[in-house]
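These notes concern the structure reproduced below.
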Amino acid sequence: MGNVDKSDYSNEHVAYTPPPLTPEEEKELEKMYAEMDALHMKPLWNQIGGLMPNAPTPQAVAHKWEWEKIHALAARSGDLVPVGRGGERRAIGLANPGLGGPTYIAPTLWAAIQYLAPGENAPEHRHSQNAFRFVIEGEGVWTVVNGDAVPMKRGDFLITPGWAFHGHHNIATKPMAWLDGLDIPFAYQMDTGFFEYGSEKLTDESTPEHSRSERLWAHPGLRPLAFPGAHSSSPIGRYAWEHTDAALNDQLSLEDAGFPGVVAPGHAAVRFTNPSTGNDVMTTIRAEFHRLRPGAETTPIHEVGNRVFQVFEGSATINIGDETFEVKHGDVVNVPSWQKWSVGAGSEGVDLFCFSDHPIFEALGLNRTFTPEGI
Amino acid sequence: MGNVDKSDYSNEHVAYTPPPLTPEEEKELEKMYAEMDALHMKPLWNQIGGLMPNAPTPQAVAHKWEWEKIHALAARSGDLVPVGRGGERRAIGLANPGLGGPTYIAPTLWAAIQYLAPGENAPEHRHSQNAFRFVIEGEGVWTVVNGDAVPMKRGDFLITPGWAFHGHHNIATKPMAWLDGLDIPFAYQMDTGFFEYGSEKLTDESTPEHSRSERLWAHPGLRPLAFPGAHSSSPIGRYAWEHTDAALNDQLSLEDAGFPGVVAPGHAAVRFTNPSTGNDVMTTIRAEFHRLRPGAETTPIHEVGNRVFQVFEGSATINIGDETFEVKHGDVVNVPSWQKWSVGAGSEGVDLFCFSDHPIFEALGLNRTFTPEGI
Amino acid sequence: MGNVDKSDYSNEHVAYTPPPLTPEEEKELEKMYAEMDALHMKPLWNQIGGLMPNAPTPQAVAHKWEWEKIHALAARSGDLVPVGRGGERRAIGLANPGLGGPTYIAPTLWAAIQYLAPGENAPEHRHSQNAFRFVIEGEGVWTVVNGDAVPMKRGDFLITPGWAFHGHHNIATKPMAWLDGLDIPFAYQMDTGFFEYGSEKLTDESTPEHSRSERLWAHPGLRPLAFPGAHSSSPIGRYAWEHTDAALNDQLSLEDAGFPGVVAPGHAAVRFTNPSTGNDVMTTIRAEFHRLRPGAETTPIHEVGNRVFQVFEGSATINIGDETFEVKHGDVVNVPSWQKWSVGAGSEGVDLFCFSDHPIFEALGLNRTFTPEGI
Amino acid sequence: MGNVDKSDYSNEHVAYTPPPLTPEEEKELEKMYAEMDALHMKPLWNQIGGLMPNAPTPQAVAHKWEWEKIHALAARSGDLVPVGRGGERRAIGLANPGLGGPTYIAPTLWAAIQYLAPGENAPEHRHSQNAFRFVIEGEGVWTVVNGDAVPMKRGDFLITPGWAFHGHHNIATKPMAWLDGLDIPFAYQMDTGFFEYGSEKLTDESTPEHSRSERLWAHPGLRPLAFPGAHSSSPIGRYAWEHTDAALNDQLSLEDAGFPGVVAPGHAAVRFTNPSTGNDVMTTIRAEFHRLRPGAETTPIHEVGNRVFQVFEGSATINIGDETFEVKHGDVVNVPSWQKWSVGAGSEGVDLFCFSDHPIFEALGLNRTFTPEGI
């Protein structure tokens, strides 16, 4: 719906005021409500304020997970919990404190730290849920996606689109941890998820420097004739850090030279895209990388949908609603729907990985933004 | 993802078997789980079977609401509960018994019976949630959508796309009840909902035979030059019964003459569409009308997504999973995601209105079907 | 490219001025040009002004064909020229006086008057060229398109999309003449045309009141479930006059009531569309019907692409460039690309059928308009 | 229309046989034809065979232009013809011998050799015609497109989308020649062309190693957030040879390793695409680069539309219809619509640049292919 004016952003609802009733009418009413209950019916007039608020009132809350702490726990689980069929992955989900039981960082999104020790294998499986990995540090793991061995190195962004078989193994001498992102909560709540086991052993144990997907598709503006048409998910399995870094540097150098390029002053940003369409890498998940110069600040904005940030390098202050989060390398912070947010870079600037569920709402025409200070 | 083979449709998951641990290790593990809990983390290995089942395991259950009973209760509420600002509508939601507290007929969809007595007005408001009405019987109500007075008569299907102001009034001498359908649960769980009050009084109190939207857009294959481009929701506010009925009759007469037209033997069906795109009337809700000849049966099918049926005329048997529902005029039945379903028409045949959330999953490439008996 | 400012609409080009040359250089130059010629090369600098004018300089000219005269000649050909295999159709093309030899009304479009006497059959064939017919008067002919017998009556617009087999027969007691429109010149110049003979006798000799295509698809906003997806051409074979007439009347009555609907004051207009997409009926041809109240005038406009008008009822003045054409029932007038045009209705108003090649240029992003007086 | 069976590919037409006429009738007929002529009418029955052939019968013929010869002539024109306003460019068009007067290599396409001596400037202008340049050899020229200085080096493919201002200058010590491709004939015949002068001097005289367009957009799978949406033409101004070369090598190495990648055995190929959509670089022109291993051959195919090849390195035999062309570095050969063609690589293999008008026909659903030997 695009940007909206301020009048749309109030959060008040007139409470339903039942009319004055005689004691008998009161009794009748209660009896009627009981009968409705027995018939699995429930009146709108008693619940409309909660069910249809003037603006989104997410149960999810903004929260920060500190990398040092979650990484330490992941390492401990490496000693105590094996990786293998059944549990499938040594992945520890980040559970939004506002969402109660389930391990959802947002109503649509799952984020987890995954940990793989030297020599370990995570067996192959596939699921209709879309997945990606972002490598905050380290190297030595290859993820095998539909038989294509994809290296995972610091700064890389990797995707495993829904229904692609995949497993991982660590061939290095050190353990490795990374961020996993999936649309598990969306699939679970919407009842769209399918899951299937694959090979116990990885179907390709080679350790190439580049995945086959990169060799076919990661050449700028060029597509292989052998694979025509629009692919629903990106055919690029790995977005190597060197390209992301170069693209961001180029934007900042264009800004230095006085040319368009950055999304806002001091703020370079790229979106990871599907080269066969120019759209998001997967239908339910958007992924971006932002680089802010020291001291740069983003414009506060309300958006329908959820964002999750992970700091790659540097430090920043992330403001969400009335809260302020100081973040550094590896820290993860989520922004619930329609909470005003902004980022201010620390004294060395900040490199921020970010993913969101915005493509879901754009596909359905439900996206909306509001910038209280104008743009 | 289209149709899938049977191997995809099993529902077993290997349970995660923790390794044998020493008592000390066991203690360590418990301590670690507690620390994770304190940090708002939760391991995947303990929950993957529930969270990522082999095929959807909806909490929603199939259920039937009998028109006679829900209509009787709606009528009683007409005596006890006024319609006005705050409660907004005399609408009583059908609450899926499997979904606990909230009034959801499905994780994405709301269905309610709305009741308006002679002379009553439901005040104007708007919300980002998409809405429609299907008129099972009666007439005399006009719904005013963005200032356009739309008549509601037996068999009509009417839409109120998100963010359109709307109110209703009954100018007849009898009360009128109809089925409301919205994507309230989707908006609520996804935190996309906005709501705003409009005029207390209806902005147009005229009672034309056809809405302006019909006069502009309900001419087959013709579009007004004054409104170019693709509209995100259908510009037709009312799909009058006479057209639906004629389209279904035409399909059956083509079948009688040996020509293509019906979707399956003895089974005519139309989809309500947006004439500016040929797509569904709204981005989140699909609506169809099915007419089965006496004794005709549909092929059992599993589908991702939820359907809700309401019988318009005649009678039918609806099979869902292992259950069987006998339905007649006005009865409402829902089919949860991936539950096998089929309909068999009774001895006079059946006219069935149907709505679903399928467009959501098609837009995201998450749709999937399976016909155990083949097609 | 949308609307452009006036600065884009000038038509001057600086002529190439060769430098002063010595007689020897002159000789050298001529020798070089001759060698180029021998090698099938031609310098741009000598021809750029003509080849790349500042704005389109069509060879086609605006022209009027009077119905009385072309109809009289068509009738005479009915006595002298039989219809049958080889010649295929008793169709007489309207040849733009500016386009020299070939029978093109425009560089992209063919228009012809076709004439069929009582009892005559035009045998079946198919071609990749898209075709339509507009019935200026009369009835009694059925066109059979892919085996579907489609009635042709006064005011009807009928399509025969590329590669559909089709033939016609006249079962009435009077001859019938109508306007044929095709993209023959485009196919010929672009080398895209294919042609194939079909049945000598019509494959369906029935004379139903409605074609099967109408019974399936000509119900407003409803589509048959049996034929999913986007069809490249409209699945409606016949746009019956009663619907066109009603749609135009509805727009004018909305204008009378003070509501949006007409494209401009006193000017109602509909586009014939493909109900499966909301787009034009065929990829290369747009068709519209315009109704102007007595005295109403359209805003002068320049457009990339060609239009052809045929007056259905009433009379009008059509201004094209510096010319003025007085037109009445059946008269045909064409507007070459980028020639400023406007229509003014006569004292009884005017009903105008119109077709154009605009979809070609819109598909390629080559459309452009300019309204000298603003809009 | 996709691939078709052989029955569609015949080229016979039954000639129209006029009926036996009496001398008087004959006279009548001639009189009628004369009257038609006077009224600018022309019967279809006399011309249908030529106008609507069974398959395309292009007037364009296959032809080879030898680089050595056309380059030598271009060099001579460098001595005799200055570059400047009016003539605009020292470009010499390749005129298809079958197309008579105008300098068209195909009914839709223009191809020219452009030549710029050291120190020369081609002044800025813009036109709605789409343009590209392919650099067969040399370096030292920068083309300035909408103020962005774009280097031109051996193997580079560069685009100048319609309506972008552009000029060129040569800052090297040697002259430079390259291939220009435009849709001038399409624009001319369709009357869609606009042209405007720009700055006499280049608006940016810098000589950067990479254009700004590359720094923004030529990072694989990454797009700058500052430029959202689908761009109608590619935002990449220069497709540098190093990327094209690497992509082709990667395909062949994947073939060596037994993996998918090449379009056919021994045949690597990439398409230059618009990264914001995955589609062709411009709406009317497709560009590709093909690399065939020594001795590799392509499958003979008929296609609607025109191709032009230029050999970059190596040698090949190009078969078109019944003709055979031996080609080496720089030679240009065109394939008319629907002429069967194939390429066989010479003993060192061949690198082939190729452009075509196929996107025009795909956009309109007029594309069609036929492989006589199957695929």
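We just call them A, B, C and D in the order they show up, numbering each chain from 1.
Here, contacts are C-beta pairs under 8 Å (C-beta built on N, C-alpha and C of every residue); 3 or more make two chains touch, one makes a residue touch a chain.
Chain labels with UniProt names: A, B, C, D = Gentisate 1,2-dioxygenase.
What you see is a predicted model, and the numbers here were worked out from it, not measured in a lab.
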Chain at maximum distance from chain B, centres defined as averaged CA atoms: D
Cα-centroid distance, chain B relative to chain C, in whole angstrom: 43
Between chain B and chain D, centroid-to-centroid distance (C-alpha), Å: 51
Centre-of-Cα separation between chain D and chain C, whole angstrom: 29
Junction residues of chain B - those touching two or more other chains: none
Touch-based graph of the chains, sorted into line, ring, star, complete or other: ring
Touching residues (chain side chain A, partner chain B) in the complex: 1, 8, 13-19, 21, 25, 28-29, 32, 35-36, 39-48, 51-58, 60, 63, 65, 69-70, 73, 76-77, 80-82, 85-97, 102-103, 107-108, 112-113, 127-129, 162-163, 184, 187-197, 232-233, 283-284, 304-306, 336-338, 360-361, 363-366, 368
Residue ranges of chain C touching chain B (in the complex, touch as defined): 212, 214-226, 230, 234, 236, 239, 243-244, 246-247, 250-251, 253-254, 259-263, 269-278, 281, 288
